[in-house]
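Handing you a structure now.
Each chain carries a letter (A, B, C, D and E) given by its place in the written order, and its residues are counted from 1.
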Amino acid sequence: MPDAVQFIQSLVNGVGVGLIYGLVGIGFCVIYNASGIVNFAQGVFVMLGGMACEVLLRKFHLPLPIAFLIAVPFVALVGLLMEVLVVRPMWNRGSPLFAIILATLATQIMIERITILTVDEQPHTFQEFTLGGPLKIGAIAIPYQLFWIVGCGALMVGLLWLFFTRTRAGRALRACSQNREAAALLGIPVGAMLLLSFALSAALGAVAGILVTPMQAIAFNSGTPFGVSGFIAAIIGGFGNAAGALAGGILLGVLQAVAIVLLGAGFKNVAALTALLFVLFLFPSGLFAGLKPKAH
Amino acid sequence: MTGTPLIELVDLAAAYGQVQALKPTSLTVAEGEFVTVLGPNGAGKSTMLRAAMRLTPASGRVRFRGRDITRLSTHGRAREGIILVQEGRGLFGQMSVRENLILGAYTIAPGESVDERLEGVFRLFPRLKERFGQTASSLSGGEQQMLAIGRALMAKPKLLMLDEPSLGLAPRVAAEILDTLGTLNRDGLGILLVEQKAPQALRLAKRVYVLSLGGIVAELAASEVGSHHDLSRFYLH
Amino acid sequence: QETYKIGAALGLTGYAAASDRAWRDGQMLAIEALNAKGGLLGKKIEYIGEDNRSEPQEAVVVYRKMMSNDKVNIFASGCVSAGNFAAAGAVIRSETPMVLCSILPPRPEEQKWAFSILPPPRFEMEARYGWLKANSQVRKIGIMHDPTPYAQLMKDVAVKTAQESGFEVVAVETYKPDDVDMSVQIGRINAAGGGAIIKMGQGGSTVTVAKNIKQLGLDQMILMASLDDGVPLKAAGEVLGERFMFVAPRVQIPSSIPDGEFRKAADTFLTAWREKYGDRDPNAGARGWDSITVIATAVELAKSYNGPAVRDALEKLPPIQGAFAKFNFTAAQHVGITENPYVVGVLRDGRFQVK
Amino acid sequence: MISRVSTSTDRRWRALLPVAVVLAVMAFGLTSSGYVVTVIGFAAIYGIFCTGLNFFMGYTGQASFGQNAFAALGGYGTAILCGNHYWDPLAAFLVSMVFAGLVAYLVGLPTLKLRGHYLAMATFALGLITYEISIEWNSLTQGYMGISGIPPLGVWKFELANEKQMLVALTLLMLLGVWISVRLRDSRFGRALRAIAGSEPAARALGIDVARYKLAAFVIAALYASAAGSLFAHFVGFISPEVFGAAMVIQSFTMLFLGGIGTTWGPIVGAIMVLMLPEFLRGLKELQDVVYSMALIALLIFAPKGLAGLGSLFARRPKAALPTPSGAPARAIAK
Amino acid sequence: MALLSVNDLTMRFGGLVANDRIGFDVEEGAIFAVIGPNGAGKTTLFNAISGALTPTSGEVRFDGQIITGRPQHVVAGAGLVRTYQLVQLFADLSVRDNVAVGFHRVSRGGVFAALFRPGWARAQEAEVAEKTRDLLEFVGLSGVADLPAGKLPYGQQRLLEVARALAAEPRLLLLDEPAAGLNTQETAALADVIERINGRGVTVLLVEHDMSLVMKVARRIVVIDFGRKIAEGSPAEIKVHPDVLAAYLGGTEAVADDGAEPAHA
């Protein structure tokens, strides 16, 4: 049986991983909230954010803040392009959502291949934002980067919440996802809103990528695992709800950590996913939606 | 027709695949005028309104206050002040009544008060105030219709187009809404009303178009309808 | 046929991309060099490399394409084991020999036609245990491995030989190559008293483990990584300094190559490699280069391009000194590396050096 | 409105046209190299898989991201029973199918209560769980090593000697699969499924036991998936976890939407397209995938109802009057 | 004995009481109407009766059996079939197939029958096709039988929904605002259809705001307001009931206005 210190340490690590999942999950929510589209290329934005930042640091020797300020808009631009070239033509033709999702997957493959051709096929990383660490509380270690992730995660959730509920554009974005025609009939520029959501979501993905790369290594194909975990996090959180996604990510991370401690890493996904399935069976419309009063 | 034209549909036509739902149709609403469109099911009334808002691809031209807006997008037309209340209401189901209403005022100029307009709508439909925080999809059918009309009024339109607003409303509420439309019209709002319940609508309208099988078959002053012995046969097809 | 065709099913995309791309580039260099000298038995060599996306199903398709359309004479495929296994049945039916960067297919009839350039896993373990025993006090170790066949084999060897080598394995942990965090596994090894982590498995996961060790504040923990490309090794070395070590073929640390025929073989390769790829890591490239050398020697020995003849020749090859290792194939020995080719390396002053 | 009723001979002829095309493709395979045989063989296997998926997604309007789980059950069932225990292929095939159906039933009971994204997520999790188990349960599946030496398809003493014979068998099985799916669709049973795709509340109000019918469709899709998995094992002689990984899900979705979801032949057309197209682009080397992705996106943009939907452009009757529910149920899924 | 009896039915949504101890009996063979202002709780009542919602308290009996809380398809199976206020068609199925689905309740056969098509199944299919044709004829939709239902104009969609419900050969048919979106002429035609349905022995329970229709076809009317039953009686009684006038009809004028003959300006 694991001792208490080890267990707590595992939980801390689980929260750390979970925050990463959650950050990715938030990106899903933005596009979903604006369009009802699940953008499966979300993971690729994370990869691109990390890779772009790494290239700027390694090849051009830029300081981190500058690299950050270049990488994020760059990825946002990729998001914009994706909307204009792939999603919009389908959207305008009234393609089924699943077909659009497939197209985003195809885009992901394309971006991955282009990344291999322009950067390389190797894993990369860069230094933590704040060197040194970890912070030791008794026997428990907390890496400094985790604080950056927690801080930025909370900031992102907060800003997004304000954006979606308090601002005109945010509300309009949500309206577009629920009824596009009606939104246009009220004067909401639906096309521009969709564009905004892709740029925003790509930027959020890039921020997540830049935040997590110092904790590990990313390569051209790191997008998929990020995307999958982020998607699961967003689902647990009730899809569309940024705070829910972050919480969902943490839950997933902790579940995995506990599973590793109790069963070993081999079955950690099996255990975590099985637990999740049971959660879904109990709360058929997401954990956090399930807490609200049920209406038929 | 009297006064300067507010909206002019010129040879507007639309098709769904091989189905010509709207043959080339011309129709005008003057500033401050109340026009009603009658016609049996499937006549193309909804299609005409959708084409006028460019929700359906259409040929022909649309002019609004003298300006050609044929190339203007749907939201552009809404910004110009044309608001359509759709058949089937087009609410944002997962959003609250309040949010639906606030979104109605999306085109509001900075400095104007959304709350003032909200109050105006609540005076008209007190029920909406009671259901303020409820999601739109959980409203009763009639309440949803009130919300749809209320939301349209939030935009302070110059031209209000309504596609069967009385659908699902209790007689008294339907009458009240039509009265309200009458009041708004007297205050200068141009109204284009598509309605099946002809008697009430005719009381308010100045002119009437009758649509059948995708084309306008009659255009006449509202006062003539009663005496027009062919009309019932026309619009009942 | 005008040319002698060497086919390769490669994981140019997918998980094997990092090693298979370098393997391919090494192969192409070797073929260029051979063709410059006139080719093989008078024919130019033609290289046909197809992407199997690191997936078995794709591998079957590209193998079939190379067999029936390109009519390749021999295969020199990359390290996607499952892909090579999936196609092995069809390949042996066509009596085409395969020289692989992966482990050998499981069935004896398939092994008859397959030859491996990959060192057997025990050498990696011998190198690591040997070094640890000689140079550190650590006697309790933890093992971390991914579920790939090669890593599994190595783990079995490591557990089996630990005691005789004087070590106690306190924990065996697994991970998935694309895991974003392995702190929990590391924490368990640490809690069990492990002073060093023997990691089996390549790629970015090595960097992540190094980062995690640092983030957990384990400033005594040693990390010994597998044979790998220089990029992740360098990144991990930058995190842990000299507490990070890896198993390296001498070609990866050229200063460690002894003079003699090895030096000569390695220099030929390295000169060509450096000229084309600068300071790119030569590890997998050297193996690719050697695979072609092995094939060329066999063809010359067989004095024939014929598949079965080349296969037979491969079993009778004299020992060949390659850039990566020395190869010694026999009928009983289809895994050609019979001498331990490894040293233990570290990153020091930004360069790989022997620890 | 015009709605000309076509004569029954006309209709029959049009129904046979796709069969003729499929047989032509197979004939092309038989006269070509092993490479083409392999690709067309995979297309037939995926065609079977997608026909099942189409049943659940196209007709019933439900999303499953986890059908690969049942293909894995079929594949491993066959591999273990035939490879390790020397069972007769047909027996292993049927037993695996029954097992997959049983698992689908048990798993479907709670899972199909979910809707929309949650159903998608839950099925996705099922696929992922199965995949992970197939990696980790080493003693049974041999993990990434995979299982080699699975015998070719056969019945009792009779074994299909080579790939070409196997291709004939696969094509016939695929046609059988399509035939069964059409039989099922055009019946009281199938109508109920399509009703569920249209509106669950309305279906309920007409006395349709929605949960039961969804479950039935899920089980049927699983049977198809299991069959496809078994056939893959026989066709290649080797399986490993990656064969039934997420790539399978993505590929089958691509086939379904490219071919035309909810149509009879869409899954088959899609399977052939998705497996052949990259082969035509192989000459582009490093750019193969980039161009393939672009082609895929372009197809999805310009043929939103799928390639099978394009067929109706050439039909003589107006599109609106087609009696089959072509293409459109995809919209139900998308909700 | 009443075919349907509703006793003390209460339905709450959080703090909101949508149905407050409602009770009434519908006799076999009747045409029964429920009216009331918007948001009074009529649709909620239908939902509770048909099994789409489980009432908070109270009981519904159908043909003597308690059906409260039973799943909707079971209730429908017993012969209680409903339509929806906002049409719920199978938009992608043809008009013909929509009606054919309606026969689900009164036909049988599953996978086995579908696959092997024994004689009885083929006979049944032929019968379904035949009856579908009759029903489409009955509601006047034969001309559009091959169109996808979603492409019909609204009025025809309503008729189709009625036809589909009829296909289920219900003993009790619940119609939620069937005349919404129909013009006066079409409403009159619908009244005719309802009376003919009733003539076939089907009991009808109707929610409707169109008083011309209600007053014409209903034999008995229940009025609810704010979830409570405020009146019950014959059309003649209801028309003059002071509470009903105050809560709903809003003076006799509205009733007259809704009259069948087109009014003057």
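Just so we're on the same page, a contact is a pair of C-beta atoms (placed from the backbone, for glycine too) under 8 Å apart; a residue touches a chain by one contact, two chains touch by 3 or more.
In UniProt terms, the chains line up like this: A, D = Branched-chain amino acid ABC transporter permease; B, E = ABC transporter ATP-binding protein.
As the structure is a prediction and not an experimental result, all values here were calculated from the model.
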item	value
Contact-graph separation of chain D and chain E, given in steps at minimum	1
C-D compared against A-B, more contacting pairs	C-D
Interchain centroid distance [CA atoms averaged], chain B/chain C, Å	73
Whole-Å gap separating chain A and chain D, where each centre is the average of the chain's CA atoms	31
Euclidean distance of C-alpha centroids - chain B vs chain E, Å	29
Chain D: positions in contact with at least two other chains	1, 135-136, 286, 289, 320, 331
Touching two or more other chains - residues of chain B	16, 19, 138
Touching two or more other chains - residues of chain C	13, 147
Touching residues on chain E, where the partner in the complex is chain B	13, 36-43, 85-86, 151-156, 177, 180-186, 209-211, 248-250, 254-255, 257-258, 262-265
Chain E contact footprint on chain D (complex, rising order)	1, 3, 5, 180, 183-184, 186-192, 194-195, 197-199, 201-210, 216, 220, 262, 320-323, 325, 328-329, 331-332
Chain D - residues contacting chain A, complex	63, 110-111, 113-115, 117-118, 121-122, 124-126, 128-129, 132-133, 135-136, 246, 250, 253-254, 257, 261, 286-287, 289-290, 293-294, 296-297, 300-301, 304, 330-331, 333-334
List of chain B residues in touch with chain A within their complex	53, 55, 73-75, 78-79, 83-84, 86, 90-95, 99, 102-104, 106-107, 135, 138, 151, 155
Touching residues on chain D, where the partner in the complex is chain C	33-39, 42, 135-136, 138, 143-146, 148-149, 232, 236-240, 242-243, 245, 247, 279, 282, 286, 288-289
